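See the structures that follow.
Note that chain A is present in both complexes that follow, paired respectively with chain B and with chain C.
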Partner chain A sequence: MQNFLQLSFTALQIGAVYILFSLGLTLIFGVLRIVNFAHGQFFTLSALCASVAVPWLAALGLPVWAAYVAACVAGVALTSLFGAVVYELGFKRVERDMIGSFILSAGLVLMIEGALLKLFGGGVRPVPPLFEGNVDVLGVSVASQRLVLCAVAVGLTVALTRALGTTRFGKALRAVSIDHEAAMLQGIPYRRIAFLGFMAATAVGAVAGALIAPVAAVTPTLGDSYLVKGFIAVVIGGMGSVPGAILGSLFIAFIESFVGFHFDPSVANLAIFVLVMVFLLVRPKGLMGHD
Partner chain B sequence: MKRNHIVCCLALLAGSSAYGPLAAAQDTIKLGLSSPLSGSGAPWGIGAQWLCKKAAAEIAEAGGVNVKGKTYHFACVSYDNKYNAADGAKVAQALISKDEVKFIAGSIGTAPVRALQSLSERKGVLLFTSAWGASIKGPKFPLTFTQMNTTNEIAGPMTQYVAGRHPIKTVALLNPNDATGQEAEKIARQAWEAAGVKVVSSDWYERGSSEFQPVAAKLGSLKPDAVDLCSTPPADSGLVFKELAGMGWNGVKVVEVGTGADGLIATGGKAVEGVYLGAAVSLDGPNATDHQRALDAGVRKATGDSINAVQIGTYDAVYALKAGIEKAQSLEPEEVAKVLPSVRFRSFYGESGFGGEKTYGSPQQMLLPVIVTQLKDGKLVEITRLPAGGQK
Partner chain C sequence: MTDRFIRNGLPGLLAVAAASLLVTSGYAGNLIIWVAVAAALASSLRFVLLIGELNFSVAAFFGLGAYTSGVTTTIWELPFWLSLLASGGVALLVSMVFGFVTLRVKGPYFLLIGFAFTEALRILYTRSEWLGGNSGMVGIFPPEALSDRFPTFVVLTVGAMILVLALIERSHLGRIFTAIRDNDNVVRSVGIPVHLTKVLCFCIASFMTGVAGALQAFSNNVISPLDFSFLLSTFALAYLKVGGEGHPGGPILGAVILVLLASVAQGFGGAEHIFYGAAIVISVLFLPSGLMGLAARLCRRGARPGVARAAGDL
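Here is the complex of A and B:
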């Protein structure tokens, strides 16, 4: 029972970040009908910004938590700005063009990763711990820092899903995602919504990057493994589906946690790939995908 | 007509002066490097790159490499092998076919090095490697030399030493699931068993992984007295120990071929206190020389991490190559390889040479002491120096 609880907590903690990452991917797909492989680089840029800004602000005398909050805001703002430039110069011209967007985003991955390597170097950049110590939850020991980051990620996910379901902008995004032509006929400004949707998705990815920075090895290649997992989560959940991305992320996190425990982390990775193949064969549109 | 001749002469003069640097370039010996310059292994590659250039500059300043009355200078050419076989193969082609390098002064990672070795041995290129895999050594590879202590040298003495200091009955092992990890695991397992410690589990993870919570949960649930992360890079090791600490485990922490403290602390924070490392170098003690400290400062500036044995291997290889080339009085890799086992050269640690014939079947292992270090109060402290295993 103890192991089951420990693994469930582990899965929820991992899953919280996967959810934020995959929400960004699925939003972009929903609105623009493209797969943005460079999403991992936006995630990484934000984490790298946090790794630079937190020690710098802490050295200026700010408490670590305040330095971290300020660094997160700066990282998300900078990444969103960069996302806006990338959208205006690139993705705007290839929306709803799978092949064009694939080539563009694959090229962006190489270009951004190379630039980040030049700018930040290849080494691991430390982010000071926000909270020290462990807490006992239902008899399971959990690092306080992990618990707080997980709570923030869950809170953000709930807020985002509520915003998508209840706000005017969220409804417009969903309408465009389901049928952009019908949405335009209803007076929804597609261009504006597409731009804002891309920005929102990039910002969500950036938030995920900033959140994971204190508990990860922050390097310019950090986003690579998250991209693979996030993409699989979106495929399993259904491309463009927000609840699907959440389900897919949790599914992957539970597989990673339980299979990794009972077998091996390598076997867990293998199991994830096998399962995504099965999903593509049995349910090509994913759990909650639509045409 | 006369004016045309003058113009032609001037053009010839200009042309010959333009060829000046090319003529000088012929006196350069290119040294190739295949190492990770990105990802969690990047500090090894970036540090090795810096040390290669530093050793080349020191040798140039001291008069260069003298062969048959001619002076040569070393120049380092490096590429990112990303610690995987596919990129290792690309780097091999770039170094050997494009840059026509005849000497590789440093190569890191068993999988990329295997890719490089398959070409270097065939094309007659002399290869120095820090790769820990035992399968890339031996009489089958006469042009390959190992430039640092590997798991074979470190595991036996290190595990005996740690098991003697702590009442350890059980140990759990974790390794990357690539060639380096697979070879390191076999040797580490034997070493712990020989020290009378039961190996309760041995797990694998994908290099480049970002989440270590699940495997930490597994390791922690077994409640081993010790956890040995064997060939896991420092940054990944820090994450694993942090997750283990978060789950309440607090046993003896070992990274047998652990190379650096700063990478560990960067990701592990206070959770890495007390970790034993078998391939790190501490220069805080009174025995460290000014030269060693200067090299450490240079590596710190380049990588943000302290100097370590993987990087030092490249520095030592450059000096070994100088000694070998001068003894052979030849720039032919085969000739240099023949004399290398008999040369003595100035290494980072002092005078050194090659051995390991009993273990590998040929004397191609650089002879170096095993330096056991431990993290105490966030600082790397040298605990003891032990004779390397199997180096007779």
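Here is the complex of A and C:
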């Protein structure tokens, strides 16, 4: 029971980050029909910003948590700005061209990863712990900083899904992702929604990166493993579907946590892959896929 | 277009092979092998693009070929020819199963599953002790008789395979492949088994990728799991995109130019990734049909004034 709770908590925590990551992927695919390979690079950029800014701000005399919040805001803002530039100069020209946009994003992956390696070097950049000590939840001992990060990630996910379901912008985004031509006929400004959708997805990815920075080994290649998992989550859930991405992410997080504990992490990765293959045999369009 | 490629292909291949005889070994020889293997990878990618699918698992089959040649040469000690054939064979068998399962899905799903398969195989190699784990396998040597002339052998093998691909593309089967890309429902409506045809296309390309992987292993003598990550598929994409996917010569042109430029760029401090990335981005944004497309457009522009004058005379 103890193990079960501990593992469930771990799964929830990584799951929340996977959800934030794959929500960005599925939104971009839904709205623009772009398979954005460079999403992991936005995620990494924001995590790297946080890992550079926190020690720097802390040295200036700020408390660690304040430095972390400031670093997160700065990292997300910088990443969003970068995302806007990439969209305006690149993706705008190849939207709705699945293969063309994918090739462009694969090129961006190589370029950005190379540039980040040059800028930051290949070493691990540790972020100082935000809160010390452990907390007991339901008889399970959890590091308090993990608890806080998990709460923030879960809260953001809930807020985001509610916003997508109820706000005007969220409804417009979902309408465009189901059928962009019908949406335009209803007077939804496609160009603006596409741009804002890309920005929102990038910002969510950046938030996920900033949230993972204190508990992960931050390197310029951090995003790669999240990219694989995020895409598998989206494939399981159905490309472009928001609830699908959430279910897929939780599924992967639970397998990773439980199989990883009882066997070892690479077996968990293999298991995830085999399950996806089996899954595609049964449901080729994913759990919630349409089109 | 394809006809001319096939007609000029054989003499061209023989000329290149003859030229490569002048280079026996050393850096120039390795460069020739890299170009040939890169051309094979990009051509295989292009071949699956005929049915409209981007085959991101190309690195996985390349790795399978390389590891098969490693196992058959160093552990089972099979002769070179058998080992080369086995590499293609293993890639073919795995691609049959993998393609049969995954080619039911299209577009982004197929692409992403290929990506996941590549990473999964890489993890499998690092976990397998008998395959050398993280450090890989060593001592994969070509036979004595070939070792001096290995660049020529690679050029001939790869060239022959690319010519066969072009022949298939021109044949009736190739027309069916393109028809599936354009509208698979029409193809299905005349009674052609679309799914099996797609698997066949995928298998042919994967066999070639497997053999290319084996050639790479024999020329490097050493393989390790890190050589076969999804970055390899991205590099293949770069060769294809820079050369242009509309013409069978595109992947070859792209491979020649990018591999040679990258080997020059390495002198400036190993910014290989940035270089390949920039090449892809620039060619997607500014050269949508690659260098081959650019060349064709320039030729047409050169011809147009003549046409205009002729029209004016009438």
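Here is the rule we go by: the second predicted complex is superposed on the first by the 291 of 291 C-alpha atoms of A that agree within 3 Å, B and C clash if a C-alpha of one lies under 4 Å from a C-alpha of the other, contacts with A are read in each partner's own complex, and residues count from 1 in each chain.
By definition in this document, a residue touches a chain if its C-beta (ideal position, glycine included) is under 8 Å from a C-beta of that chain, and two chains touch if they have at least 3 such contacts.
No experiment lies behind these values; they were computed from the predicted model shown.
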(message) Both complexes share chain A, so when I overlay them there, do chain B and chain C fit or clash?
(response) clash
(message) If we overlay the two complexes on their shared chain A, which of chain B and chain C does A:S257 touch? Say first, second, both or neither.
(response) first
(message) Between chain B and chain C, whom does A:L196 touch in the aligned arrangement: first, second, both, or neither?
(response) neither
(message) Quick check on the superposed pair: does A:G90 touch chain B, chain C, both, or neither? Answer first, second, both or neither.
(response) second
(request) Check the residue A:P129 against both partner chains and state whether it touches chain B (first), chain C (second), both, or neither. (result) first
(request) For A:R146, select first, second, both or neither according to whether it touches chain B, chain C, the two together, or no partner. (result) first
(message) So in the superposed three-chain picture, is A:N269 touching just chain B, just chain C, both, or none of them (first/second/both/neither)?
(response) both
(message) Contacts for A:A217 in the overlay, against chain B (first) and chain C (second): which applies, first, second, both or neither?
(response) first
(message) A:Q6 in the overlay: touching chain B, chain C, both, or neither? Say first, second, both or neither.
(response) first
(message) On the A-aligned overlay, A:L117 touches which partner chain: chain B = first, chain C = second, or both, or neither?
(response) both
(request) Considering only the stretches 55-63, 73-81 or 127-135 of chain C, report the one that runs into chain B. (result) 127-135
(message) Quick check on my understanding: which residues of chain A belong to both its chain B contact set and its chain C contact set?
(response) 113, 117, 266, 269
(message) Which stretch or stretches of chain A touch chain B in the complex?
(response) 2-3, 6-7, 10, 13-14, 113, 117, 121-126, 128-129, 132, 134, 141-143, 146, 212, 215-217, 219-222, 224-226, 256-258, 260-261, 264-266, 268-269
(message) Taking the touch rule as given, give the residues of chain C at its contact with chain A in the complex, in rising order.
(response) 49, 54, 101-102, 104-105, 107-109, 111-113, 115-117, 119-120, 123-124, 126-127, 231, 234, 237-238, 241, 271-281, 284-285, 288
(request) Note which residues of chain B are touching chain A in the complex, please. (result) 36-40, 42-43, 45-46, 80, 177, 203-206, 208-211, 213-215, 217-218, 221, 234-236, 238-239, 242-243, 245-248, 263, 265-267, 269-270, 303-305
(message) Touching residues of chain A toward chain C in the complex: what are they?
(response) 29, 35, 89-90, 93-94, 98-100, 102-104, 106-115, 117-118, 228, 231-232, 234-235, 239, 266-267, 269-270, 273, 276-277, 280-281, 284-286
